[in-house]
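Please find the structures below.
Next come two complexes built around chain A: one with chain B, the other with chain C.
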Partner chain A sequence: MSEKALKWTDRAVVVFAWSSAIILICALFLLIGSLLKNGWQTLGLDLIFGNAPPLDAILLKRRVFGGLFPAIAGTLLLVVLSVSLAVPIGVCAGVYMSEYASAGLRRILGLCFDILAGVPSIVVGLFGFSGAIILHRIFDGFRPCLAVSAASLAILVLPYLVRTTQTSMQGISPGLRITALALGASKMQNIVYVLLPRSMSGILSGIVLAIGRCAEDTAVIMLTGVVATAGVPGSLFGQYEALPFYIYYISSQYTDQAELMTGYGASIILLCVCLALFLIALGVRKGLSHQVFYRI
Partner chain B sequence: MMINRDKTFKTALFICAAASALATLLIFGFLLVFGLPLFKGGQFFLLLGRPWAPGQGMYGFLPMIAGTAAISLLSLVVAFPISLGVSFFLHSLAPAALGKILKRLVQFMTGVPTVIYGFIGVFLLVPLIREMFENGSGMCVLSASLMLGLLISPTMILFFSDGFAAVDKKYIQAARALGATRVQTLLFVVLPNAWRGLMTGLIMALGRAMGDTLIALMIAGNAVNVPSSLLDPARTLTSHIALVSAADYHSMEFKSIFACGVTLYLLNAAAVIAIRRFGAVGKDKAHV
Partner chain C sequence: MDNSIIKITDLHFSYNGLKVLKGVTHSFEKNTLTAITGPSGKGKSTFLTTLNRLWEDVPGAALQGCVELKIAEKWRDVYASSMDIAALRRMVGMVFQIPNPLPMSIFRNMAFPLKLAGVKEKDQVQAKVQEALERAFLWDEVKDRLHSSALELSGGQQQRLCIARALILEPMVLLFDEPTSSLDYQAAGMIEDLLVSLKESCTVLMVSHYLDQVSRIADSRLELADGKLLLSNISR
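Now for the complex of A and B:
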């Protein structure tokens, strides 16, 4: 290339890179801005509790109509259930992958986890749905419900937990790895007292992001028991409401301006929850590895 | 005693790992069993190419395949240049502070719920497209691809940046020492050496675009037709599954959603295997 052509390429690339960055930032702020502009007026206790006094609603003395409280309660319960199902299994599997699996087994299991991480969430939902059909054949009257959703979501986030646990344990320096062993600790003691505490920040950031995925996922729950109106969930085997599904439902089924506004309010709340979780994950682990954001 | 406890510990961990891996196979197994009548005698492949006309007993999902292909490939076309530009920017052009902030912003974007992209799409993008083209409802392939492009950009940017960062620093220093500008180094040294990162990013983003449900469901219009223009509505495999409301579990209509599920599963598994083939970004180069 001639001197001149090189110079122009140089400039063109600089302009291209800067404008790409500006377009991306503008698009993001346009989205968030339109959400806030349309929805900020709705933010307040009414948005969550409707006409019911907040304390009565929280203590379940009064049912909330026209507020987001049942959806928030449903999402909260769902997250707690699925994360407490997934974390023990995922972390144990990650420890096995890092510390015990032979190279061959690690490759095979690793392939399984990678495929599982790639399965679209709607397919995981379909799996939960077909599981519910089978249970329906065995136990009459069994329907998709909170328990099915929680189990499906647990499967959805399992591979992330395995991977974050595995990578943060494998990242421990060889020196630290053998110190306790050299002092006579058994392999299990080494894992429980040295390696796990050492990789705790990585594991925790994985858990926080798994919480985020459970809170925001809509595709899984729409096939496994979420409904538009159910009140605060009363049983594991009942239908329930959830924040992301509410947003989806309102976008197509809103009947008046007030309902639409509640939809904007719900979107702002969900976005803030995700932002908060992201910041916590960052705080837990400075220089968070990309693996955590590894997501199909 | 100690040895016994160690053994139990190891077995418990193994059971967890095996159970998790089993879930992968179990999902596929369930999809196959439930869609079984559709797979007998190679019918599956016939269905791939047929139109959807439940009234006439035709349950082909060609329209959904076309919808998924059109929307996800187009979103890649939207997202690729921007992602490449942003990762150029982050790698060697951004002022340090701005680069740091932008990178955090991109990481945050991976966690923005897709239902929110969909919601804003319905009330911001769709009316815009409708007015701009004065054609149809605005719920179309174009709207969905634009929104989906924004959804997958952060994934691409992070992988591209990883790929760039994995290029050996000595090459870069050598180029700079020979008098190459930042941009020349980027174009002629970093880019050719980062093709793995680029491929991985592209495939990951394609997988995420194919697997996303809510954006297409909310703003692509969901008509069961092979779209013939950017402004036509379309239905993807994912939204077809989401929209099923067959009351009769034995109907062919109901079974067809499992065929869609199997197709999605296989496409994404193929993407994952392709990425493993290329080797994870920087696995062999990062620590040189």
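Now for the complex of A and C:
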């Protein structure tokens, strides 16, 4: 290739890279802008609490009708439950894949996790629904509920957690990997004191991804326990409301423009809920790496 | 009188079928500094890791032969199933080519091996940290910033910190894998002085590419060639 052609190729790559980044940022701003334009007028305590006094609603003294509070509470509970179920299993499986599995087993298990990551969420929802039917045959009165949705979502996000943990642990430099071993650390001490803290940022990426997926997925929860009006769930075995389902329900069943606008308002609230959960995840990560692992 | 501390007999080592060590037999004497030289990629670093079993985490590696360490005047097989690997690595410490402080404070880096060994008493930990840093000629430079990040130290200081961290466990043998190759002349000079001073308390084995450095500080030189260790002259 001539020098001139190389120069033009170089420029074309730079322009393409810049354009791609700008398109992505524009898409993000368009999305948020569109939501705000359509939904900001609906934002207010009425949208969340309806006619109920906010404090009474939060303390569960009064049930909220016509507000999003039960859906927000349902979404938060669902995300916390799903991630709490998935994180320990996913991180431990990732540690196993990175530190203990033989090369052959790592390949086979890796393929399994990749296949699981590619399974459509509606199929995972069907799996959860089938599980609920089996449990219904064993325990009379059991039906799709918050616990089934949380377990199904945990299965959905497990591959991300396993893979991000495995990748970030395997990415640690060989020098750092043997530092603690050379000082007399056991394999477990090396994992706990050096490898896991160093992988924390990668693991957190997996957790953030998992939180986002759990908060937004509608297909899984539609089959496993979410309903349009259930109030704040009283137990793990109760039905519940969730923001993504509310958004889906309103956008497909709305009767007037004002009702559709509340869907946009719910979308803004869903984004805020995700942002709050991400910030909590970041705080937990900072606390974990500095206070737990390195405390001597 | 036998003054040996390490005895190696017919040691073979291979990596993914490639023979790296081919029947190495040698004894190392107490309180000496032995330099191991030879071409790059011929197994000098690997040889060091056979003494503290650090190679065992490398997939595809295999070892045959006998490595013995004299502990409390008794010869112990390093590869015996009864050997506690963590205890072995505390007795046979290792410092690497590139300084590898952990991403924590200077004090925590120093206290880390003690924590691993189960030492919990704060006064004892503080006294040992100071003693090891003094032995590594680093105390005066860091005593006022023990709680700042070890990664903020210069390359030479980081390497002396790593040496101090290995010293805190009071090892019988210290293995150095090209400890000055990533440092400038001045920092390398300080490490050389430190290595010489360490002979008083432990046995030092050092891989080095610099024959002038070997002639300055080593008591003996072994050349690793064709998988065997050969005693070589030191030209002073």
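FYI, the second predicted complex is superposed on the first by the 233 of 296 C-alpha atoms of A that agree within 3 Å, B and C clash if a C-alpha of one lies under 4 Å from a C-alpha of the other, contacts with A are read in each partner's own complex, and residues count from 1 in each chain.
Assume contacts are C-beta pairs under 8 Å (C-beta built on N, C-alpha and C of every residue); 3 or more make two chains touch, one makes a residue touch a chain.
What you are looking at is a predicted structure, and each value in this text was computed from that prediction instead of being measured.
S.K.: In the superposed arrangement, which partner chain does A:Tyr193 touch: chain B (first), chain C (second), both, or neither?
M.R.: Only chain C is touched by A:Tyr193; chain B is not.
S.K.: On the A-aligned overlay, A:Ser121 touches which partner chain: chain B = first, chain C = second, or both, or neither?
M.R.: First partner only, chain B.
S.K.: If you tally the residues of chain A touched by each partner, is the higher count for chain B or for chain C?
M.R.: Larger number of chain A residues touched: B.
S.K.: According to the stated criteria, A:Leu31 is in contact with first (chain B), second (chain C), both, or neither; which is it?
M.R.: first
S.K.: Applying the document's definition of touch, where does A:Cys272 land relative to chain B and chain C: first, second, both, or neither?
M.R.: A:Cys272 sits against neither chain B nor chain C.
S.K.: Quick check on the superposed pair: does A:Ala103 touch chain B, chain C, both, or neither? Answer first, second, both or neither.
M.R.: Touch partner of A:Ala103: chain C, not chain B.
S.K.: Is A:Gly184 contacted by the first partner chain B, the second partner chain C, both or neither?
M.R.: second
S.K.: Does chain B (first) or chain C (second) touch A:Thr218, or do both, or does neither?
M.R.: In the superposition, A:Thr218 contacts chain B only.
S.K.: When the two structures are overlaid on chain A, which partner does A:Leu6 contact: first (chain B), second (chain C), both, or neither?
M.R.: After superposition on chain A, A:Leu6 lies in contact with chain B alone.
S.K.: After overlaying the two complexes on chain A, where does the chain B footprint on chain A coincide with the chain C footprint?
M.R.: Residues 186, 294, 296 of chain A touch both chain B and chain C.
S.K.: Using the touch definition up top, name the residues of chain A that touch chain C in the complex.
M.R.: It comes out as residues 103, 175-186, 189, 193-194, 197-198, 294, 296.
S.K.: Would you pull the chain C residues touching chain A in the complex into a rising list?
M.R.: 52, 54, 57, 59, 85-87, 89-90, 93-94, 96, 98, 100, 102-104, 108, 111-113, 115-117, 165-166, 169
S.K.: Quick check on the complex: what are the chain B residues that touch chain A?
M.R.: That would be residues 2-3, 5-6, 9-10, 12-14, 16-21, 23-27, 30-31, 34, 81-86, 88-90, 93-94, 102, 104-120, 122-124, 150, 153-155, 158, 162, 181, 183-184, 186-187, 204, 207-208, 210-214, 217-218, 238, 241-242, 249, 257-258, 261, 264-265, 268-269, 271-273, 275-276 of chain B.
S.K.: So in the complex, which bits of chain A are touching chain B?
M.R.: Residue positions touching the partner: 6, 9-10, 13-14, 16-21, 23-25, 27-28, 30-31, 34-35, 38, 88-90, 92-93, 95-97, 99-101, 108-109, 111-127, 130-131, 133, 155, 158-159, 162, 186-188, 191, 209, 212, 215-219, 222-223, 244, 247-248, 250-252, 263, 267, 270-271, 274-275, 277-278, 282, 288, 290, 293-296.
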